[in-house]
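Comments concern the structure below.
Chain lettering (A, B, C and D) follows the sequence in which the chains are written, and residue indices restart at 1 in each chain.
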Amino acid sequence: MAKVAFIGVGNMGAPMARNLVKAGHEVHVFDIVATNMQSVQGAHMAEQAQFAVAGAPFVISMLPESRHVQSLYLGEKGLLAHIAPTALVIDCSTISAQASREVAHAAADRGIAMMDAPVSGGTNGAAAGTLTFMVGAQEEHLARARPLLEQMGKNIFHAGAPGAGQAAKLANNMLLGIMMAGTCEALALGVANGLDPKVLSDIMKQSSGGNWVLERYNPWPGVAQGVPAANHYAGGFGVDLMLKDLGLATEAAMASKSVTTLGEVARNLFALHSRLGHGKLDFSSILKTIQNHTD
Amino acid sequence: MAKVAFIGVGNMGAPMARNLVKAGHEVHVFDIVATNMQSVQGAHMAEQAQFAVAGAPFVISMLPESRHVQSLYLGEKGLLAHIAPTALVIDCSTISAQASREVAHAAADRGIAMMDAPVSGGTNGAAAGTLTFMVGAQEEHLARARPLLEQMGKNIFHAGAPGAGQAAKLANNMLLGIMMAGTCEALALGVANGLDPKVLSDIMKQSSGGNWVLERYNPWPGVAQGVPAANHYAGGFGVDLMLKDLGLATEAAMASKSVTTLGEVARNLFALHSRLGHGKLDFSSILKTIQNHTD
Amino acid sequence: MAKVAFIGVGNMGAPMARNLVKAGHEVHVFDIVATNMQSVQGAHMAEQAQFAVAGAPFVISMLPESRHVQSLYLGEKGLLAHIAPTALVIDCSTISAQASREVAHAAADRGIAMMDAPVSGGTNGAAAGTLTFMVGAQEEHLARARPLLEQMGKNIFHAGAPGAGQAAKLANNMLLGIMMAGTCEALALGVANGLDPKVLSDIMKQSSGGNWVLERYNPWPGVAQGVPAANHYAGGFGVDLMLKDLGLATEAAMASKSVTTLGEVARNLFALHSRLGHGKLDFSSILKTIQNHTD
Amino acid sequence: MAKVAFIGVGNMGAPMARNLVKAGHEVHVFDIVATNMQSVQGAHMAEQAQFAVAGAPFVISMLPESRHVQSLYLGEKGLLAHIAPTALVIDCSTISAQASREVAHAAADRGIAMMDAPVSGGTNGAAAGTLTFMVGAQEEHLARARPLLEQMGKNIFHAGAPGAGQAAKLANNMLLGIMMAGTCEALALGVANGLDPKVLSDIMKQSSGGNWVLERYNPWPGVAQGVPAANHYAGGFGVDLMLKDLGLATEAAMASKSVTTLGEVARNLFALHSRLGHGKLDFSSILKTIQNHTD
């Protein structure tokens, strides 16, 4: 079992760190919110991030945005100065591919191996140890990280070189945002034309409209069980988090002059939905704004 | 085996009728293009539609647009006047739900049972007898039609009352159009950011971006075999046919004041693609317009 | 002064007819809602439309939708059978270009001259006699109609042959819908980035963003006076009427395979806005949905 | 007459600097491309930017992107360290409002007054001295700058505090992008429905569709003279420059969670148009992609 430094133990990081503790690792956590650290029982709490990483062969980070990751690792006071050159740094944050590459290059300049491994699966997946990792890394680095990742997740995809994990995640989540809003449009259109939402869902699921949303995450209340739509859109993957991911896709599209018209329209639908006051609901609640009726 | 009148034996109708002949039915075909009729070997060719339907317990029609179906069945010279009240009329055309209901009501006024059963699966599915039928019908009428439908198709979905088959098909195909264009956007964005299209396809297929397009119809040349993208986008489901279906969805959305922003944007992407000269290619060729690069 | 039959004296038709009475014409009105007729003082009320048109050299109609116009004039019981071949029929309804041409052709078959002359300017313009007419007509027919039109409106544009008036109006109003929503987006974006809405309006009005909305119809409350935004979006041009006009543009775009992506997105924004319960407000209220904030 | 340092004398900066020379100022230019400097006859060429600004009461910069402005002024080797605290810095670059504020704050920290004054009017306006300036500045700073600005431009708008000039410009140009594409859609729709583009342009110009594009910049070849459409879309305001400005609007919209659906769709239309190989044409050439026909 290894010594693992884990920086950022919020809603996602804490259950991930707990799974590493459970697997027998010596986990040293740090979070700028001290009470977050207390939620990882069995872990060592560090007063500063640099204390957590000292001598650790693995450093994992799980932070909200690009600027947090950049500010953690880079600069004169950055953590890279305190990490052993033999260590492997695994950043699980969902940030821009560009920021991810920037930090990986800075790490490489110091001889430190770094990989991006953003996740999907939400807090439930983090707790259950069933996350999906999309990894941007050299082959040998992924091989070294795999045992750790397998204690936190189920599917581990190798997307390519550093930065590729972020690129894969933003492409996937942009498609997910389009599919969720598109599935809501199709269901609302069918229902407005006399169809039963469950019957239509079943038909499309087995036809060329079939997709993950219809299989696992039906947005229409009453059609599926155990999904946010069955629970007033509580829990799940929040509208504002989807909005953040769609924003990362937009940035990548602008940087590469890509055409993502549907992605942009989906982003604006979620932005409008958030402005209507639904930012904290699960993202399948976009149905409410698409299907809204006042009569 | 039954006597079946089959009106409209073009690209889709002809192979469907051939499957009925093969199953042993006495098939009487009519088409305004006489040479079309000759392509259904073993069928009786009628000089007029009314001769084909005389005494037939089943009447099947497969025509291009709403106006053709309306003009075939309705009015003083319409075919309903020549169909036996005990007959079952199965319209397999993809037309507007509204036109479909209008004809079904006119049939009901004469005591004739009518159902809409639009198909998906294309000319390949028609030839192989593996079409999907989306049926709008009373239960007992579908029960009567089922043996015939099973000789032409594999999946038979009961969407609801007359008109519901059309509503289900247009909702499904609108979602398909959105997913195809959305999947192309996600793949193009990923590739522009350094990913391999096959690797990204595999990742999204197993993640929350998973959908029928990635499973069966990958639009990126070289990723999947046996799909139109592997064959210069020849064959398959034409851009102009997708455009027609998206137009039916638009009509239904306007009639029901539904919000289908992504559906409309997808329709305009296919319209633009068609105007660029690609109307006859398979609809997965939308990738060319989304990813176009001139350097 | 001439005998004029005026069919359809609702919100728009009544003030138009009143202006003709005021100008000294002998006006015979008909409306299926009897009380509507009473609002045109000095006019003769007809019990049936055919009585109104008997012997009238001018027939004007102002009806809500294509189907009303078709049903008024066409068919065995249609009004064309009762109109003198020497009469000039002026349809001021806003309907589809296709329906307009269909009725004009049926009139021509009977030797009756017909023109489409849809208006803009709303109920205020109708009352003030300052409407804008967009006319589809032969030159000589417009020349005959001009004196009448000038008593109801200020600007009279000759768009082309019959049907062209409708085509011009739907193109103009689609652009207006795009500009209104686009101007709201620009103002909301500027204000969210620290600008004063009045200062920004003034700058854009004099720059390359200048348009009719900024000049005459500023949607931001407090910026301009005498506009619906200054009066809680009451009065003016209703959201549902804009939605109707954008729908006519969509129909025309689909029939001509035109690409109108922005037009479609604008239509869906107004549809969403209407579903949120604002269908009866002035169309500049779209700002509320674009700029909505819950904090 | 004053000593003026002018950093960045490319396509836009050079003619602006020439107008200052012409007005009698002592202009010291710097550009990383040495030959650019030679195009400003009568100016002093500086070997380094810091030599140009030494002792100059006015410093003007005109650079391509946010990062160039940041890298010019900020950091240990940044130009701010060499500018006199009594000087007034006028950045005419079109960059993000956020980057603009960042540099203005850094200047303020050193007691240096800074204002953003992005322009519109293109290279023609720069040469003719008829640019429009949108200024973000304190009142007294604008008062000091006004005489200089009036030698380079005609309209000087005070948008608000530092950063407001950029915010106003991106709001205006987003609206311009929407209006250009929207006007093209309306014209193409009308022409596809039988109208003459000149007649339709005249009608809309005088109606509620009226806007700057129809007044000054008609995109339909043959309708107006002296516009890029009359010259194969050469000259004018390039597609890729419009794309850059729409990208700045997107960034501002994401930062402020604003809904700019039409702005995003317009941006993607220009991105698609650029990918089709038209990036260097005038932005009114978007008509080609919207109206494209292959028959």
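Methods note: contacts are C-beta pairs under 8 Å (C-beta built on N, C-alpha and C of every residue); 3 or more make two chains touch, one makes a residue touch a chain.
From a predicted model like this one, the values you see are computed outputs, not experimental measurements.
Novice: Give the label of the chain whose average Cα location is farthest from that of subunit B.
Specialist: D
Novice: Consider the two chain pairs A-D and A-C; indicate the one with the greater count of contacting C-beta pairs.
Specialist: A-D
Novice: Can you give the whole-Å distance between the Cα centres of subunit A and subunit C?
Specialist: 50
Novice: Report the inter-centroid distance (CA atoms only) between subunit C and subunit D in whole Å.
Specialist: That pair's centroid distance is 38 Å.
Novice: So, what's the distance in Å between the C-alpha centres of subunit D and subunit A?
Specialist: That pair's centroid distance is 38 Å.
Novice: Note the residues in subunit B that touch 2 or more other chains, in rising order.
Specialist: Correct list: 257-261, 265, 269, 272, 275, 290-292.
Novice: Could you draw the chains as nodes, link the ones that touch, and say if you get a line, ring, star, complete or other?
Specialist: Chain contacts: complete, every pair touches.
Novice: Please output the residues of subunit D touching subunit C within their complex, sorted ascending.
Specialist: Residue list for subunit D touching subunit C: 97, 120, 132, 134, 155, 157-161, 163-164, 167-168, 170-176, 178-179, 181-183, 185-190, 192-196, 199-200, 202-204, 206-212, 215-217, 249, 252-253, 255-263, 265-266, 269, 290-291.
Novice: Of all residues in subunit D, which touch subunit A in the complex?
Specialist: 243, 247, 250-251, 254, 257-261, 264-265, 267-269, 271-272, 274-275
Novice: Once bound in the complex, which stretches of subunit B touch subunit D?
Specialist: Listed in rising order, the residues are 261, 265, 272, 275-277, 289-294.
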